[in-house]
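Handing you this structure, nothing more for now.
As written, the chain order gives the labels A, B, C, D and E, with residue 1 at the start of each chain.
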Amino acid sequence: MSLTLDFRLPREQFTLNANVSLQSRGVHALFGRSGCGKTSLLRAIAGLEPDCQGQISFNDHHWLNGKKSLPPEHRRLAMVFQQPGLLPHLGVRDNLLFGYKRTPPARRHMDPDDVIKMLDLSALLTLRTSQLSGGQAQRVALGRALLRSPELLLLDEPLAALDHAGKAEILPYLLRMIRHSRIPVLFVSHHLDEVVQFADQLILMEQGQIVSAGPLQSQLSRPEFARFGALSVLACRICHNEGAMLELALGQQRMKVPALPLNGTECRLRVQARDVSLSLNRLQDSSISNQLESRIEAISPAPHEAEVLIRLNVEGQPLQALITRNSQQRLQLEEGMRVFAQIKAVAIH
Amino acid sequence: MSFTLSPADWQAILLTLKLCSLTTLILLIIGTPLAWWLAWGRSRLRTAVQAIVALPLVLPPTVLGFYLLMLLGPQGAVGGTLNQFGLPHLAFSFEGILVGSVLYSMPFAVQPLQQAFVTLGKQPLEVAATLGASARDRFVHVTLPLCRGGFIVAATLSFAHTLGEFGVILMLGGSIPGETRVLSVLIYDHAEAMNYAAAHSLSLGMLVAAFVVLFIVYGAQKRFDQVKP
Amino acid sequence: GERLTIAAASDLRYALDDIVAEYRQQEPDARIDVVYGSSGKMTSQITHGAPYDLFFSADIRYPQQLFEAGLTTSEPVPYARGRIVLWSTRLDAAELTLEDLPELDLQRIAIAQPSHAPYGARAKEALISAGVWDAVKPKLVYGENIAHTAQMVQSGAADIGIIALSLALFPELATDGHYLIPEEGHQPLIQGYVTTQKAVDKPLADRFRRYLQTQAAHGILDKYGFTLE
Amino acid sequence: MSFTLSPADWQAILLTLKLCSLTTLILLIIGTPLAWWLAWGRSRLRTAVQAIVALPLVLPPTVLGFYLLMLLGPQGAVGGTLNQFGLPHLAFSFEGILVGSVLYSMPFAVQPLQQAFVTLGKQPLEVAATLGASARDRFVHVTLPLCRGGFIVAATLSFAHTLGEFGVILMLGGSIPGETRVLSVLIYDHAEAMNYAAAHSLSLGMLVAAFVVLFIVYGAQKRFDQVKP
Amino acid sequence: MSLTLDFRLPREQFTLNANVSLQSRGVHALFGRSGCGKTSLLRAIAGLEPDCQGQISFNDHHWLNGKKSLPPEHRRLAMVFQQPGLLPHLGVRDNLLFGYKRTPPARRHMDPDDVIKMLDLSALLTLRTSQLSGGQAQRVALGRALLRSPELLLLDEPLAALDHAGKAEILPYLLRMIRHSRIPVLFVSHHLDEVVQFADQLILMEQGQIVSAGPLQSQLSRPEFARFGALSVLACRICHNEGAMLELALGQQRMKVPALPLNGTECRLRVQARDVSLSLNRLQDSSISNQLESRIEAISPAPHEAEVLIRLNVEGQPLQALITRNSQQRLQLEEGMRVFAQIKAVAIH
């Protein structure tokens, strides 16, 4: 995929200034505070913002050239909005097939039966949209977007309107869909937690400007993200996935975590810095069983003055730990030291 | 009171129905794009055009009728031009009162449609566009079914308001039986000729018809409001 | 000062205006308002309580009805005899007769509404006796009263019309010629006036009535083609 | 074309302004509670009442005028009763056309108010209630200022639509100078008397006035829509 | 305070059935999934639901008696809605004083200057409401409710509309206000995290029914709450509150946590079960410094089959720990055993 943006869009309080080139497949997460312009950016890419000026090109197609704009229906993308936006006069099936019917057969690369199975929609097909729960409606909206066979998928906080239980209902489907379809995705969120579950690339926006863009792991260790709750992501290989526990390999080291619904051989562990504790020796009679040998790379102040953020290197991957200044002094932790990082098995997602 | 209607009454009823149906049809055809533009257009002229469309709401029908007579008659810009091309001018003709009715009932078609378009919002259309629906496709498969209520209200009000037209037709129509003598004018003539029984029958008929129509419209409006997205 | 409200048939539009103007020369404080309309409409209004003191009808049968209904203080008084004429701004009507009408290339022929305007009723009778009614009927347009009919012709919207002689003699309209339709073709148009119950205790009404007997008033009526009894 | 107005024209202008102002005032007083009930009432009668209020939108003014004449005239239920108590009946009087105007313009006051109340929603009122504001207090300090736009629109449309009233006044009021001869009727009368210069001056004046009023209304509506909560 | 509810209110999908008597001061949290009837309950108490039938009485006043309902303006309560609901035609100052002006001087027990200071509103007073951020508007709404000098305060998810940073902005004010005013509060939320920060009493609703009601600590250990993420609350005494760290006493034991903005001598620690690990001996060279000696009271299965939920007794207070079954078996943990519970200092709020 190659998506090159270089445009301006005037908003009430600022002018949105998008100047970025996204080259890789996978999921690009667009992250930033409420009102920073995430939705506006997506809408501009979709061709829904007539005031937008500049260049947007996607895989050699010019979507926007100066003021000349290709209408949304001719851009090969699909968008899932914050609200499901199902068409209320159509049933679930007709909503699902709305874009499919409008895609020339030669260009269709998604199959309705597959999508219905993947998103578990078969029981809903005959319902009216008003009979769906929020989560069900979002699943239909996702399926509808996929069946447009887009070459780029725009997701605008598809989970924002849902409460905790609602999110739990839809997340597995979203993950499955994103992994299965292999369509490049631009995913908007203002919850860091959500973002890291999907994203390969992370784009941070502030006040209409793109502040930084890059791969997930390196972005997460940037100081801009500390205030959203420091976080690391460990890329692991799955060794055994049998029974209730999952065995993971991180270089030479091994971890065991409660099984997660994962496919494939790779997986990504999201570890919050506050869930990592450090010890000088391997702990013996503690309930914490995952201990990763690692080296301290950097020690930096944390938002709370009594705490420090410790950047570790575990088998070449960055891992952050948030501990008190007292503990740091007690254990005399310094850059370059070897330590054991304890991660509670249940703290891994 | 008896409700027997004379052949002349029946003729006027049929004529009125014809006038109302044609007016409604024309208004839906020209009112839809106009209402769309008023709802979503970005020109600075919108307020002015909206005021012009609404003029018949507040202008005495005699003013409208007076100017139309000047315009459509043989000395008028429109009527004169028609005459030059060997066509009849429009004063005292069915076509003339049709033009008058379209202008007179314009706000009753445009305003509910505009309202319906604004209430619908852009979201369903944007959703449809990102799913590959062209402008025409969106109109037929999204706007039309979702603004069904608005179209029903616009059609019914246009029809009903044309039914209630009097001043314009009085000045522009000439009370020609079968051509321009519609019910409202006939009722007036009956009343002036102290033919009260006939005036009563027709008035009562119209009162009941108008009430039933409005009752249905407002009932429908409530019902459609509830299925709105 | 004292007030007098007069209802008058439309054929008197200019003649009565002149009489009132003359009368006010001698009594400038008197306020005399004249409301014109078709004789039938005025009768209907008086029946429903309209506050007219005097009523000048184009046909004495209407005041007779009011008298019989007990709404007047006395029997109707005939004051003139009306005549109908063929008049046009497009053609030279002086050269035409009723019998010519079917042959001419005409779009519209205007007469007054026969159901409540006596001039319209007489026009219809004349057309029938001339044997052309069926031929001209499709081209007829109907004015609400005889002045409205004259206006239809004057504006050119109707090619020709049958109007009151009194209107055709009004200086601004007299520039176009007219054809006086023989009285034999229709019932005589005996014009009469009454004093209504509203005028009880109004000395001005008595004075104005008396003025109508004067030479001055007769002169004006004569000027507008009214034959006096 | 010159725009000189005669004393009779001025009289009609003042009369029209008086009628429009009084109608607007009365409509705001009775329309507000009615619109409130239509917006928030819980009775099953609401749709029926809404249809009745909207009847004048679609009923020929001649039907309304006819029934009002029957009702308010000396033979009617209301007019007759008034006469029995030694009071004047209401046909052909200022009070009569005032009643007619109030009924005729009712939907133009009630519908914008109802719309404004619905758009306002219950939330600000509920907030105010939990902060100790009584019903009266809420109306004065919350509803009135927040529905300001709706009240302006209701007042302006009532005024303007009364300005444009013709058929009802023609049937119910006649054309009595200083009492019921309002502008729309006067324009008709001028046209009929072929007094085109006067008809033009008045028509053009009304056209401009109506346009300016509507332009202000729609401008205000847009502006107030933006400060809506 | 004494608030007795016994009424029915028909809703679309169920009839709300409130039958509960709240006797204590402090904060009563109303907790439940979206659509379970929380807002409806509050609105009924405020007198905003005309279809409500039954009994509501507050401190000897009958607010509802059968169908006879005291109008909202005569109930001495104030309500903060989900949306701030500021009156847009009034400025910030007039909004703030709207209820104050309508309260007889004799009954006023809140002072405008105090409230403005407490909620940090002085800089906002001359603004128009449209110029406020979401968080600022909520602060004004809170202040306005307080200045009504209510005898009962109803808060309907006052934080729901805010994002993470928005919540962080307003939470300190809300906490301060609730502690300072000592007005009984009914606080609605569907986020357990939020609830435990304020609540003394917890009411759980489901499908229009009140499922359970009682003191926070005992409610939290009920199985109904496990699925929202098991959680404990420890009531502590503050020993030292100097510098960056706070020293707390829990019976004989001591803990040190990064300082929090607390007043008074008591405080409440919210500890998520997943943040607690167990060891057989006191750990020596770990960064975890807070270790509480405790006894295992019960071991029960957790939602994930590889995990168990361990109920501990720490100085008479319940504390829950979520560990893997593997660890339990490795350490041979059993009911009645003495263990050390490790709580990362930064994990305490």
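Everything below uses one rule, namely that a contact is a pair of C-beta atoms (placed from the backbone, for glycine too) under 8 Å apart; a residue touches a chain by one contact, two chains touch by 3 or more.
What you are looking at is a predicted structure, and each value in this text was computed from that prediction instead of being measured.
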Graph separation of chain A and chain D (steps between touching chains): 2
Set of chains whose contacts include both chain C and chain A: B
Number of steps on the shortest touching-chain route linking chain C and chain E: 2
Chain at maximum distance from chain A, centres defined as averaged CA atoms: C
Averaged-CA centre spacing for the pair chain E and chain A, given as whole angstrom: 31
Separation of mean Cα positions, chain C and chain B [Å, integer]: 37
Where chain B and chain E are represented by their mean Cα positions, the distance between them in whole Å: 60
Overlap residues in chain C, where contacts from two or more other chains coincide: 144
For chain E, residues that touch 2 or more chains besides their own: none
Sequence positions of chain B contacting 2 or more other chains: 191
Listing of all chain pairs that touch each other, if any do: A-B, A-E, B-C, B-D, C-D, D-E
Chain B to chain D touching residues, read off their complex: 47-48, 50-52, 54-55, 57-63, 66-67, 108, 157, 160-161, 163-167, 171, 183-185, 187-188, 191, 199, 202-203, 206-207, 210-211, 213-215, 217-219, 222
Complex contact set, residues of chain B against chain A: 123-124, 126-135, 137, 142, 145-146, 227-229
Residue ranges of chain E touching chain D (in the complex, touch as defined): 46-48, 71-73, 75, 77-79, 81, 83, 85, 87-89, 98-99, 102-103, 130, 144-145, 148, 154
Complex contact set, residues of chain D against chain C: 69, 73-75, 79, 89, 91-93, 174-178, 181, 189, 191-194
Complex contact set, residues of chain C against chain D: 5, 10, 13, 33, 35-37, 45, 48-51, 144-145, 147-148, 150-151, 154, 172-173
